[in-house]
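Every chain is named by a letter (A, B, C, D, E and F) in the order it is written, and numbering of its residues begins at 1.
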Amino acid sequence: MKKLWEGAQLAGSKRKLIDENGIRLDGRKWNELRPIKLQVGVMKNADGSAYIEWGKNKIMAAVYGPKEVHPKHQVLPDRALLRCRYHMAPFSVDERKNPAPSRREIEISKVIREALVPAVVVEDYPRTAIEVWVEVLQSDGGSRVAGITAASLALADAGINMRDLVVGCSCGLIGEQVVSDLDDTEDKEGNGDMPVAIMPNLGQVGLLQVDGVYTRENFQKAFELAIEKGKEIYLMQREALTRRFFGGEAQTTEVEEGAE
Amino acid sequence: MSMMKNYVVETIRKAQMVQLLANGKRLDERALDQPRELKIETGVIPKANGSARVTLGNTEVIAGVKIATGIPFPDTPDKGILMVNAEILPMSSPYAEAGPPSEDAIELARVTDRGIRESEMVDMGKLSLIPGKTVIAVFVDCNVMNVDGNLFDATSYAVVSALRTAKMKKYVIKDDKVEATDELIPVPVETTPVSVTIARIGDRLVVDPNAEEEASMDMRITITTDDNGNICASQKGEASTITPEQVLQAADVSIKVGKAIRAQIIEATK
Amino acid sequence: MKKLWEGAQLAGSKRKLIDENGIRLDGRKWNELRPIKLQVGVMKNADGSAYIEWGKNKIMAAVYGPKEVHPKHQVLPDRALLRCRYHMAPFSVDERKNPAPSRREIEISKVIREALVPAVVVEDYPRTAIEVWVEVLQSDGGSRVAGITAASLALADAGINMRDLVVGCSCGLIGEQVVSDLDDTEDKEGNGDMPVAIMPNLGQVGLLQVDGVYTRENFQKAFELAIEKGKEIYLMQREALTRRFFGGEAQTTEVEEGAE
Amino acid sequence: MSMMKNYVVETIRKAQMVQLLANGKRLDERALDQPRELKIETGVIPKANGSARVTLGNTEVIAGVKIATGIPFPDTPDKGILMVNAEILPMSSPYAEAGPPSEDAIELARVTDRGIRESEMVDMGKLSLIPGKTVIAVFVDCNVMNVDGNLFDATSYAVVSALRTAKMKKYVIKDDKVEATDELIPVPVETTPVSVTIARIGDRLVVDPNAEEEASMDMRITITTDDNGNICASQKGEASTITPEQVLQAADVSIKVGKAIRAQIIEATK
Amino acid sequence: MSMMKNYVVETIRKAQMVQLLANGKRLDERALDQPRELKIETGVIPKANGSARVTLGNTEVIAGVKIATGIPFPDTPDKGILMVNAEILPMSSPYAEAGPPSEDAIELARVTDRGIRESEMVDMGKLSLIPGKTVIAVFVDCNVMNVDGNLFDATSYAVVSALRTAKMKKYVIKDDKVEATDELIPVPVETTPVSVTIARIGDRLVVDPNAEEEASMDMRITITTDDNGNICASQKGEASTITPEQVLQAADVSIKVGKAIRAQIIEATK
Amino acid sequence: MKKLWEGAQLAGSKRKLIDENGIRLDGRKWNELRPIKLQVGVMKNADGSAYIEWGKNKIMAAVYGPKEVHPKHQVLPDRALLRCRYHMAPFSVDERKNPAPSRREIEISKVIREALVPAVVVEDYPRTAIEVWVEVLQSDGGSRVAGITAASLALADAGINMRDLVVGCSCGLIGEQVVSDLDDTEDKEGNGDMPVAIMPNLGQVGLLQVDGVYTRENFQKAFELAIEKGKEIYLMQREALTRRFFGGEAQTTEVEEGAE
């Protein structure tokens, strides 16, 4: 365990992000998730919606469609056009964010879309548009994977035909220690972040981005941990959908991480 | 087919609505001067200095306050800065769109801002730190999450609730420099402005129109009152007119309804 | 009269905007208008136009239409689409204004449009556009009501069928004193501004905005004063139109406010 | 029907125009080198530091000057700032549009600016207050109110007239700080640049084309001259060519016509 | 007709490509893990502080470095500033368009930036001059001149080559002020990140896809490694998925191919 | 010769741009050109392209078309629509340039287009678009005329029917001395710049802009010098095209200015 601590030191972190006993600042072990709450079907107007709280992330996802495509020239004759906007509310971060979309938001909107499209049976909805709106009300580490997790629930809630759900988790490095699900502090002061989104039943990866410096071994370890944790969160997604469709009222699925 | 059906349903609903209104009743069984159920939840965005989630029927708005130091405007060197902004999220309705703020969103933000500013809800003089150099700047951003009519009131209640519960750092001046302390103090709130929006459908005035009523209304007027029942802001809307009598009638309704809502906001933000 | 003066003091005005005898800085009584000049048919290309000088306001309004609608998807099948832009020249205010439209100009364009539409027989011109351009060359208090007053003359000059003219006046507060037609100084240092636009013959109000803090009594007083003054200005509008259509050359209608 | 009629009328007018020009005559009876009537009214915008309303035939432009202190550009630390901007108002013609400045408006502003700047009309060195820190910045904004051809000249005359009559505060330097006094002084004007625009229709060059002539022209050249009859700016326009001989001919015409117009501008702006 | 012909040709080419790939071969005869010929020319823009023109097959990118002093970001007061920007020029392909940066150009710039930043190629601490006040800001702009697939790698190699050969003024601190000297020193480069992009066509992974291969690929993954063969950035692209096994396979390929390319870049930028 | 030197002094130049012997800072005589290199057919994707190095200018021009017009409403029924963008790379100038198009770039794009259109037989390509992209990779004095010179070669390389090539040269003033082909320093510290573009065989001028203060005599002298030098550069253009089409590989045409 000393190694972990040294690693964190070597990386120049101002605080020890992991202590001598391998416990992180918020009390988690290296491979634990932050608390996650999921609610499906929370918005009145949207055709489908889901709300996620994950650590300090508070994110609303909503879906409209299939609907007519405007402007017409964007119509895809053989499948649906999936649009996606990931957007951060001005009050979602420590310093007020300009409401106009930043370059970061534009890139994240793109990778979220690319992670969702393979899960949607787009060929069932030719010549239509499906719109996915992801609004980050409060931001913490891992907001893009949380957004994907909520967005795929919102698609399911909208009754869109899907091949699988999409679920994301971000793993990374503190020093040389692979850890799961970095929070904001660990993301900023840690040594690497690797957001991954998967289709758990199909065993496919729809999003993969990497920040930080990983040995080949740590790369694999973090990547496989992200998939493993993604599968855990998938169970929460299923639970949330079940409650939505069979449990009557929209309810909160709140699964606290057990001991590993 | 389905559009035709909708059209027929809509026409029938509208006829029904007008007939009911003639008898002083509304489709959702509210009295003409009865707003929908108002729910206020504060502190929903802990990262903000103040925040509130307001639902007015199915209309939902989240407001968040961010406070920082800034440079005063040249013409008000001894006053803080207050800015209210609003985005009608594309997720909020099938008609909302992504992109730069629409004319409607700009009007919404400016009318909400006016109600706060003109009522002198926030004592801007107390937000001055070093006159002409450093003042406290208060940004209130509103996310319209779901649209079911009457964005003006829902947004206004969200902003007022967020401001009433906002906490800011206490600043001290040392050697002509502003220093932030660890102490948190409330934003200096002097009054609680309450916006009441009234729609005219046929010849009846109804308070707090929902989306269905807005689709049938031909005129909208928003009147904001302060703690003393004084009128501090108003905005007539829609491409139509109002009679002078209706303006005065709307003012009286706003004062009356506003009083009840003010009590509710104060209760929810203590 | 002392009360007025106290009111102005209490409100923190740096100057006494009204003196002990109820006389304002520019010599007007509480219910007098600034000088107004109106000219109809002053622009060569526009289908209709009017120029107004009101206090220090200098505003040109011009109308084009009915004309084809571009882009097509904005066509209204049963009536004309009325477009309106209120714009301030960069040199119109004390400090140079950026020529790009501000949020204030966008809002004012909207409320001017909403005040004009009810006066235009839009159903006489289905599938067309009518454009109203209001350019503030020099700005003083009350520029939006001055703009509306000129714009409705420009619509009439363009031969557009109208139900009534639209005329505006702004009243407000100095201290607790209701006053008519605030100038720039009174608008900035006074205690309230209430722009009102009416259709005088139909007895309808098309624009109402309120700034300031009014008792219920003062609210009514200021509002009714604005309507009363609007009716006076309407006489000047009629006079200006008469000169335009029966007096030959475009001429200036200049009505100085008489004693009340 | 009415469009067809217009088209026929237009074709006939154009044929008539070309035939008349062959005989050295224009539809509006001007000589080939005769500009339209020029009217200059100064001080039309009292809130501006200088202003002018210019009509050249039915083309109308209003220019307003705003003067403030500013920070010099890094590469000219000891020179003031001069910026000329132009908006072709949507009210000015059925073809103008609202929105960000068009390519035409940008060219208009830049060519006008060039005539002023290159002629060294304003002594930029005299606009420096504290080199590298504070200079006087002169903004000239032009509103094209009505378009009937030859915006270049009308805009240029408006800018020159506004600058010639502009008054700015006298600034003094006290303890390395710039202070404004109550005294008003003129902008330091050294020369009076005059822009003359010449169009080619068929093979004839005509001065100051109106809109109807512009519709038939295939080439446009603007040449600006200063008090000494020197050429200080030029811009050839339209997607077409000019022969070298025509360039020199246009230069001579510009010098000659410019001289008369300069006298008129000076007279109007004394 | 000609479009139909193209379509037929394209379909045949694609079938051919997939069949060849099944046998481990590519249309252009490269091995599956073989990048196209890489040419690096440095110092091509003498006015820039560093520059490189890179061709990867027919894909061509020019990167230029501009270095100036600036104010640090508030959250990193003791670190310099690095910004990577990319424009896909409209001349680069029939599909590129003029206008504000597309989603693709933004992703390209950000992924390239990430490879440089996360590998800690440039020692940002050494770019600090006066902590919290003045730092060195390094701007790298990339012009994509010609598109024939794999913009990510070509752009990355151009940026890395430009930075490795960039020279900046040596700054000294005198009396708390930053002064530039005449001495030129290299940008403090610590490692040489190498991006390797792998496409999946059918079920085969191929390195450095050209445009024809990109048109047939259904997945793209870019993995960047540093001097130690560590992985420091990655981006999966295209609206499709990758299996976990393919991710690890791609990582191994990137490490191996990256090593050879790194040697080539270092050789070209000594 | 003294006169020249005095002129340069009088104009307030910090350096003597021309010495006592009439030699300029870079060793050229008053009427010499900087070195010019031309390459045709250098880009792979473009339908036509040319690269020019002229002094320190490094400029790429590329042409696409004739191609379909988007948006449709810009179609010209009887001829091609020629689009042109002159753009400077952010690294092309001493201080990094914002990549968004400046007002200067918008104006230059317009005058370049207006100089090229008369040379293209646009009526041979009705209802199509021809796009000309001029990218300044490194900027020196005279970049617009260099851009035109390259662009007309790119049009020829694309096989577009042309009436003539277009070639540009900029002449100007140092003090009262007319000089050819100003470089960046001479442009900034000299006394006038006059970019001219011609169609050399047709004897037509397609671009003329003037900066500075010229006597009538100097105006003519500079203008005629620009035409004369343009004709010299035209020979290099022809040479470059010949190599392109008959010399096999794209080759560099490099013509150093001989003694006058």
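Going forward, contacts are C-beta pairs under 8 Å (C-beta built on N, C-alpha and C of every residue); 3 or more make two chains touch, one makes a residue touch a chain.
Treat the numbers as computed from the prediction; the structure is a model and nothing was measured.
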Lowest number of touching-chain links that must be crossed from subunit A to subunit C: 2
Intersection of contact partners for subunit E and subunit F: none
Of all other chains, the one whose Cα centre sits farthest from subunit C: E
Subunit D and subunit E, separation of their C-alpha mean positions in angstrom: 48
Approximate Å spacing (C-alpha centroids) for the pair subunit C, subunit F: 53
Contact graph of the chains (line, ring, star, complete, other): ring
Traversal of the chain ring from subunit B via subunit C: B, C, D, F, E, A
Subunit D residues within the subunit C interface of the complex: 44-48, 51, 58, 60, 62, 64-66, 68, 85, 87, 89-94, 98, 100-101, 139, 141, 143, 145-148
Residues on subunit B engaged by subunit C in the complex (per definition of touch): 103, 106-107, 109-110, 114, 118-120, 221, 223, 226, 229-244, 247-248, 251-252, 255
Residue ranges of subunit F touching subunit E (in the complex, touch as defined): 43-46, 49, 56, 58, 60, 62, 64, 67, 85, 87, 89-96, 99-100, 131, 133, 135, 137-139
List of subunit F residues in touch with subunit D within their complex: 82, 103-104, 106-107, 109-111, 113-114, 117-118, 192, 194, 199, 202-216, 219-220, 223-224, 227
